[in-house]
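Per-chain numbering from 1; labels A, B, C and D assigned in written order.
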Amino acid sequence: MTVALALEQLLNGLQLGVMLFLMAAGLTLIFGVMGLINLAHGSLYMVGAFACAATAAWTGSFWIGLVASLIAAAAAGAIVELVVIRRLYDRDHLDQVLATFALILMFSEGMRWLFGSFPLYLDIPPLLQGAVPLPGGTEYPVYRLAIIAAGALVAFGLYLLISGTRLGMRIRAGESDREMIGALGVDIRTLYTVVFALGAALAGFAGAMVGAIQSVQVGMGEPVLILAFVVIVIGGIGSIKGALLGALLVGVTDTMGRFLLPKLMALFVPPAQAGMIGGAAASMLIYIVMAVILAVKPRGLFPAAHA
Amino acid sequence: MLSRENLVNLVLAATLLAVPLAANALGQPFYVTLATRIAILALAATGLNLALGLGGLVSFGHAAFFGIGGYAAGILATHGFSGDPLIFGLPGTNQMWVIWIVAVVVAGLVGLAIGAISLRTSGVYFIMITLAFAQMVYYFAVSWPAYGGEDGLSILVRNQFPGVMTMRPLSFFLICYVILLIGIGLFALIRASRFGSALQAARQNEVRVATVGIEPYRIRLTGFVISAMMTGLAGALFADLNRFVSPSMLSWHMSGELIVLIILGGTGRLFGPLAGAALYVAFEYALGGLTERWQFFLGLILLVVVLFARGGLLGLLAGKARHG
Amino acid sequence: MVEPVLQISNLVKNFGALRATDGVTLDLRPGEIHALIGPNGAGKSTLIHQICGTLRQDSGSIRFAGEDVGALSVAGRARLGLGRTFQVSSLAPEFSALRNVMLAVQAREGSSFRFFKPVMRDKGLIDTAMAMLERVGLTARARIPAAELSHGERRQLEIAMALALQSRAFLLDEPMAGMGPEGSKSLTRFLDTLRKEAPILLVEHDMDAVFALADRISVLVYGRIIATGTVEEIRRDPAVRTAYLGDHA
Amino acid sequence: MKKMLAAATLALSMSTSGLAFAEPLKIGMITTLSGGGAGLGIDTRDGFMLAIKNSGNKDITVVTEDDAQKPELAVQIADKMIQSDQVDILTGIVWSNLLMAVAPSAVAQGKFYVSTNAAPAALAGANCNKLYFNAAYQNDNLHEAMGEYANRAYKKMFILAPNYPAGKDSLTGFKRYYKGELAAEVYTQVGQTDYAAEIAQMRASGADGIFVFLPGGMGIAFMKQFAQSGVNIPVMGPGFSFSQDVLPAIGDAALGAKASGQWAPDFDNEASKKFLADFQKEYNRLPSIYAVQAYDAAQLILSAAAKASVKDADAFGAELKKADIQSPRGNFKFNINQHPIQDIYLTEVIKKDGVLTNKTVEKIFTDHGDAYAKDCKI
């Protein structure tokens, strides 16, 4: 194993982490402000990817598609919030789980209704095609670097939004005391819709970005959703900082596990078996990490004040 | 004088028995199979209802126990068929009652391990950590080659029960039906017992329970383990019904479905899981025959139930739940 | 001298930079009512949490019934005989008053791991619980869910539960709060009889009740006990007057 | 001359299957029509129904239901079709794990199962059954072909598949024929969507060729990511990695990829041309390999039903086994384990009239069976 390979894998872990952060940030924001557990977040990711792919196919521009993904996901989020989600705030988590589980079924089948059963085509924009050299002599895809950059920008933007704007102030107020912001004279219903749409837009953005290097298909949001939940639970539900660190931890652990565990196994058993056992262990690794963290810190690494 | 809820319960139990008997007499064995499926899912959900309905423990990982029960049946039957020893030179078996004991014990042990860690957390964390444990078991089953991995494990001949022709749909249904009734009876007993009181009180007010000197953790862990055992038993029956077990029994969709059954029927209600399972299987069957888009309409129906029919089917038929 | 039932020594609890409990030493002797008073934010709740076990102290010790209970859980302390009521009453809301008390009775009997005998057919359990309800005057309301009881009735129910535990000490957190003048008076009379059962650590804002009941009073201000003594001693204590009673007088 | 003869026999076979059957025939099709894998199921159904429609036969009913890619649901539907709809033949399942849930118990109940795709090793060897036919291939075949092809051109291969039975069968099949050096043998998670870690290993491995078996969305994700990685090692895989259902979604990243297949749209035989034209006319898209397999499955059933009653299992099975059809694949007959013996070709992804499709390059195997048939005692 060379240093260059290790560096490349670290970047891969970082990129996966950044992508997970985009998902997890929305989830944790929605939980932090509204106390809502939203299983349908992965569906909004899917909406973003489909909107981007369809628009890009129609206009020929990935960038217009990217904008469309933000708009479509935010709109879908706002509609879902208005029609369904706002009836769930004062319900227990059980009802929320079930209602958003039902939404997953509807979204998946609905998208197939609209776009057909075959995966859609979405390619990387020309500007971000190809690879650049890395120190150590290997190359790295420009697009993955762009995802890392975009994720870092979003994280920074969220930080500015929450620490420096009126909306951010209301979000913080909502996180610490839900009754209080009502007393502050903030229209809480609008605030909730806006926050939900914001979280949805983040998910849609992630879906569009990732859709360009993955398969844009029905059900694409579910594996990511579960990983995003792992992230926010590790980070501490409701904490954006926790989501960021949790996402990076999960991204790097998962990538490094897939890379190193089979090699580790190969020291003990023949290569073919090492691949299988190592692969099996790698696929369970992040769940093991999560269980260990929660066993030691039952409310995650950065427990939010009220949750 | 029967209360309205007991009357509804009685009608439900009688219908579940009458429909397959009639279907069998009319030469429609498929409806017997469908009823068997309902009975088994109802048993699995009754198990979950112990943790979720009585204890307020929203486990999003009960598919793990369901699948473990299923694999207990599949693995024992495979070894019983091939004659290869299992572990420590122990043979496999095709005797259902042995399989049931193994399924219950293994599911209970895994439940103890998962519960011991998960119950340190609460609320959303509990939901998510149980999900994570189930995913762990799921990925293990998918990638472990010995018992079929993703392809699953076929049980070539349905396992045996002394004095019963288990291959006949009606006979197997009756086995499942009796076990379901025992399961529901056990649920009723536990709910009314001292343990049940403590478990329900821990859901309503954890601090209160601790303040009278009962450790909520131990009560919940015990409840969780019993719940896992019952769901595990249902898993073993499910494997025998399908004569097949695969990781999809362990998937998070399965966990979600078990929760759906409970809410559809009425959370914490004695016959809620049965009502929910009957409704769910009926929807699935009827919609699946009507349209390719059945999952969309299933989602829609679930959503309407959660938003507008709180208390589920039993809430609708028998009114609000009462506690003594 | 008789050994105190509850002995708290040099208890310290910090929240970040804030020292919420600052070297508190306090005891509760057999047969007495010891009142703990102090202005809002003095750290009374934090102290109660540490005595009950919901919070762990940073340093110092808590001995109860002859044992060091500093590391025990809430339930563990309750099993030793620490009976408690809450500032905002804490009950199993869906259960009837009777079943709430029955829960306490079964806990005292140490038998919550019985799975098959229905509690509502357990005559011993019901009779004991009914006796407790009778003592607090709730017999007629036994079958009403706790959530539907009035504020005062919930208070009484909590006391019935503490009684059912056959507590060796009662820790009553503002029992008078929210009670009307009539309710306060009858509760005061009741607590006066309760001291025969076991000593009471009474945290209370209602000074009339405190002065009527307490054998001793401790005053907590900014996490410290600034004075402990009889009613008369406390009334005269200049530090108390400036720090606390001055606000009211 | 030869072509004309083929056309004539085709016409003949069409007309025989157009005749009324001795006995009405009821077929149950269980396939995936919802969720992420629906594309394959839809092609399966459409290919199958095309053959039924072309036959013009009125004595045949096909009931179709969606399994949502869930084994439990597939079992329930199978039970219903057998017990309630009283079908004679089951078909249509795409995935090995669903097939394993349905087929063994269906044949145990005396029903025929004709597989349109899934072909796990477990049903091809000692556990073969005289009521179970596979019209597609045996799972290992296409991988074996790539192993054979890799021998000709490459010395050090990096091979990769998902960590599940079909993935293991795949790499086992590849290694059965590939004699060169292995740079690495990697198993990925089922449903994995990001292959950066694996691509990095490929780059560092010093391999001169890469074989991947990643069906559906996994393959789409891999190919797109691989194209961006700057790694210049030829990629090859079994046909379904670059079949018509996924090619549009992969896009130009697939260009030049080599694959093995028993059929490609450019096959130069009458049956293939007719099939291609009919399919495009009926559904307005290019058929995938799944559609061809299902089309042949339907042809096989029609050919047998024209000569024997399905109620007479021995006779019907014997007719099925004759494989008296004109397959778009060309040569087609059944092995003793009732899996195909057929030619397997090397194909390459090209762009034709702006549409990505597969072009035949060369023949890798002639009359290729499978490694398990010798264990089958029928």
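Just so it is clear, a contact is a pair of C-beta atoms (placed from the backbone, for glycine too) under 8 Å apart; a residue touches a chain by one contact, two chains touch by 3 or more.
The chain lineup, named per UniProt: A, B = Branched-chain amino acid transport system permease protein; C = Branched-chain amino acid transport system ATP-binding protein; D = Branched-chain amino acid transport system substrate-binding protein.
Note that the structure is predicted; figures quoted are calculated from it, not measured.
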Clusters that remain linked by touching, chain B excluded: A, D | C
| item | value |
| --- | --- |
| Set of chains adjacent to chain B and to chain C | none |
| Chain at maximum distance from chain A, centres defined as averaged CA atoms | C |
| Gap in Å, rounded to a whole number, between the CA centres of chain D and chain B | 37 |
| Rounded Å distance between chain A and chain B, as computed from the means of their C-alpha atoms | 32 |
| Distance from the mean Cα position of chain D to that of chain C, given in whole angstrom | 75 |
| Residues of chain C engaged with two or more neighbouring chains | none |
| For chain D, residues that touch 2 or more chains besides their own | 33-35, 163, 168, 187, 189 |
| In chain B, residues with contacts to at least two other chains | 139, 142-143, 145, 293, 295 |
| Chain-chain contacts as defined at top | A-B, A-D, B-C, B-D |
| Residues of chain D touching chain B in the complex | 33-35, 65-66, 68, 70-73, 75-77, 79-80, 82-84, 96-97, 100-101, 104-105, 108, 120, 122, 163-166, 168, 187, 189-190 |
| Chain B to chain A touching residues, read off their complex | 52, 58, 60, 117-118, 120-125, 127-129, 131-133, 135-136, 139-140, 142-145, 252, 256, 259-260, 263, 267, 293, 295-296, 298-303, 306-307, 310 |
| In the complex, chain B residues that touch chain D | 28-31, 33-34, 37, 139, 142-143, 145, 148-152, 154, 156, 169, 238, 242-244, 246, 248-249, 253, 284-285, 288-289, 292-295 |
| Touching residues on chain A, where the partner in the complex is chain D | 1-2, 4-5, 8-9, 12, 15-16, 108-109, 112, 117-121, 123-124, 129-131, 138-144, 210, 212-220, 223-224, 255, 258-259, 262, 271-272, 275-276, 278-280, 282-283 |
| Chain A residues touching chain B - in the complex, by the definition given at the top | 31, 37, 84, 87-88, 93-95, 97-99, 101-106, 108-110, 113, 226, 229-230, 233, 237, 276, 279-280, 283-284, 287-288, 290-291, 294-295, 298-300, 307 |
